[in-house]
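Input: a single structure, listed below in structure tokens.
Per-chain numbering from 1; labels A, B and C assigned in written order.
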Amino acid sequence: MTVDSIPMTASGEREKASAPVWQIRVGTRLSRAAAIAGLAVVVVLALLPMIASRNLIQDLIFVFTMLALAQLWNVLAGWGGLVSVGQQAFVGLGAYALFAGVVVVGIDPVVAILLAGAVAAVAAAVLGPLLFRLEGPYFAIGSWVAAEALRLICAQFKSLGGGTGMSISPSELSQMTGLKAVQALFGLRAGAARDILIYWLALLLVVLVTLSIYAFVRSRMGLALAASRDNALAARSVGVRTGRIRYFLWVVVAFATGMVGALVYLQKARISPDAAFSVTDWTAYVIFIVVIGGVRTIEGPMIGVLTLWLLISYLSQFGSLYLVVLGTVAILIMLFMPRGIWGETARHWNVRLFPTQRVLSRNS
Amino acid sequence: MTALLSVSALDAFYGDFQALFGIDFELQQGEAVAVIGANGAGKSTLLKSLAGLVRNRPDAIRFAGREIGDSPAANIVRFGLALVPEGRQLFPSLTVEENLLIGAYGGERTSPWDLQAVYRMFPVLQERRRSAVTVLSGGQQQMVAIGRGLMSNPSVLLCDEISLGLAPIVVEDIYRMLPRIRGNGTAIVVVEQDIARALRSTDRFYCLQEGRVTLAGRPADTDQDAIRTAYFGT
Amino acid sequence: MNGFDTIIEGVLLGGVYALFALGLSLIFGIMRLVNLAHGDLILLAAYLVLSVTTVLGVPLAASSLLIVVVMFGAGFALQRLVLERVLGDDILPPLLVTFGLSIVIQNGLLLGYGADSRRLQAGAFESSSVTLLPGLSIGLAPLAALLTAVAAVALLQLIFYRTSLGRAFRATADSPPIAQLMGINERNVYAIAVGLSVAVSVIAAITFGIRANFDPSIGPARLLYAFEAVIIGGLGSLWGTLAGGIVLGLAQTIGARINPEWQILAGHLTFLAVLMVRPRGLFPSRRP
């Protein structure tokens, strides 16, 4: 059978031919069902503030922001091949940029979130070329050094609280876009209303992040990176510009991470260098989420973040012990279930909710 | 007489790809046997299977009465079977002398092949004993590779394409040493694309084509046409 | 004289950093593994020595020797039981496993020993000094740290270049399958390498624990200094790592002299500068 007797068409199109037609499909019935279910979940979550307690709202802000960070780390490490142990650099930088913007300059906090992302992106753009000179595992530690350097630099700014940190006063936050509307809508005081507003922003952010990542992975760039991961030399020989795509990914991930950092600390309204640049909070937990759920899957971190939420809720009363448990579980999973909970399940049942593989299927 | 090394119904796989199909092969003590065949016929795969780099059923390969088909490579050299790998594969971080010394790491015997014996056979290596192996000529590197294999004092030396990339004069020099190696009690298996040279230096030969033995016998008893047919498969 | 003091101090500090870095350099050179728990293992060693000296009353020197042996075994076991399973082409699993290990050790130490600062007691040794020149006296402990670093590098070089084991290390680093053809059991080679790396770290822990307070949370910082020393010095060369440690020590000390708050930052910035200007390090090996 010669090549030209197999007409190839993109999914959705149909060509009239007497020979069987091969299609490249990405969606599956299950994934389409999942997409509808996902939409329903998002709608429910959006409406949740009407009935949820403030505690739940705050917990969910944690869940949304951690999920976003995990998805971002996952795409950077799993697809980009950039295993960074220093993403807290961008969390902290974004948070500090927000505080600087709101307290020092007086910008609207919501606008400041975008500013925070931009600042983080610029830092990534500058640090990238430097850090990329380090290979694999050394890049990981190098990113950690960069984060530490940024922490120490931020601690030098007395106007931002120096080593001990600072708070944003409620009056500085009162001008936040949308705050008055939310207050009126729910009849709440500023503090609770602010939490709801941030909750919605966090939900929006995590949905955007997840969908963008999904789109990226399915795009040509995502395919290119996956090919590079499998065989860098072969990929280069067909023209894949891995370096450029990686750099782009690194900067965009930093942008989003910066925004998440800003959002988190906007809600806390209090910042310190040690907290904003904490390896445990912004890298250890994130890695745990990804590992438990499943590296290189989009569904995985969702499972991971729920597991983390459960573990923290029940075990944090035991102090450092729960971190020991977390670490041990992560090690055991990497040793015995390296694909993570979702990864193993998906493989076993052949399930994909966010299908990323292109499947050649016959349609005759 | 039981063969020193015998292979029965050997299948070898690289992942899902099958490279060898039911190979039968035998080597007697002190013999020299050639394995010839075109590129991709499976000659190197056969040697790698013997050396333990490709795993197999335990009973597929018997050496000195022991089943070694699934033994790890590090054990096999201890049993007395050494491989001179295709492309030399010397250690770039080690000098000439160190490459030879590392050959003795896994050997159980220290004679007759020790550093002095190898230097006697290849005097040029003694001159360059402290130099990095990367600056040696191809022929000299091949000498180091062979010497390295001998340092473990094997009963069987497997030579994978030792003439590859070398000038004919150099190849001549190296092949002239084979009788000396045999004379010291080591049986040899030579894998070659150069048919004439292989058949001149050995007692028996096997011809492989696409993973199967298509012809086996003594060079003297076999005619050119039969060999050509077995080699190319037309 | 003030400037000279700073230099001396920096070089001596560099000796400690070099000791931190040697273990890291070793296992990366042989097995291309970066152990993110490296710093925490150093702390673990320090705490074990602390326990043996205070609880069991064994003198420092004997405790040190004991813990060196114990930690060699621990490193060996770590490689054979855990790390061996995840070593491979994918860099993610070993990084994640050693990161998890780092978290476990840190918090395990926190649970076991609490967060208070501790110190190893070395008696008179801690505070005695030796006078080199009129007006210039150096603390004996820091000097001993530097000399130990030099001795450690010399010893490791000896092992690498003059012993059969060292040849096996280098051959395995070049090509594990061909090393197997030589009869080298790569699993044991790797395990010995990790054991050696951890054992060297014990020496680092002791030199460090004598002169400074330590608590469970400072492990990661040790990892970062070790890493900076390796990169500044250049991959593939143990003497380079020693030099890198000294450069780092100097950078930090000079930074501290300008402003005490800038000590660590000066080190990080120096690292980033070296990365920018000399990505292969100051003294990289000439390996092909």
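Going forward, contacts are C-beta pairs under 8 Å (C-beta built on N, C-alpha and C of every residue); 3 or more make two chains touch, one makes a residue touch a chain.
Note that the coordinates shown come from a computational prediction; the quantities given were computed from them, not determined experimentally.
Peer 1: Make each chain a node and each touching pair an edge, then name the shape: line, ring, star, complete, other.
Peer 2: Chain contacts: open path, no cycle.
Peer 1: From the centre of subunit A, which chain's CA centre is farthest?
Peer 2: B
Peer 1: Which chain would you call central, comparing Cα centres to the global Cα centre?
Peer 2: When every chain is reduced to its C-alpha mean, the one closest to the whole-protein mean is C.
Peer 1: Compute the distance, rounded to whole Å, between the mean C-alpha positions of subunit B and subunit C.
Peer 2: 44
Peer 1: Counting only Cα atoms for the centres, state how far subunit A is from subunit B in Å.
Peer 2: 54
Peer 1: Quick one: subunit A and subunit C, Cα centre-to-centre, how many Å?
Peer 2: Each chain reduced to its C-alpha mean, subunit A and subunit C end up 34 Å apart.
Peer 1: Among the residues of subunit C, which ones contact at least 2 other chains?
Peer 2: In subunit C, no residue touches two or more other chains.
Peer 1: Which part of subunit B faces subunit C closely enough to touch in the complex?
Peer 2: On the subunit B side, the touching residues are 51-53, 72-75, 77-78, 82-83, 85, 89, 91-94, 98, 101-103, 105-107, 134, 148, 152.
Peer 1: Over in the complex, which subunit C residues touch subunit A? Could you list them?
Peer 2: 28, 32-34, 36, 82, 85-86, 91-97, 99-104, 106-108, 110-111, 220, 223-224, 227-228, 231, 261, 264-265, 268-269, 271-272, 275-276, 279
Peer 1: Hey, which residues of subunit A end up touching subunit C in the complex?
Peer 2: Those residues of subunit A that touch subunit C are 77-78, 83, 85, 130-131, 133-134, 136-138, 140-142, 144-146, 148-149, 152-153, 155-156, 279-280, 284, 287, 291, 295, 319-321, 323-324, 326-328, 330-331, 334-335, 338.
Peer 1: Mind listing the subunit C positions that touch subunit B in their complex?
Peer 2: Answer in residue numbers: 164, 167-168, 170-171, 173-175, 177-186, 287-288.
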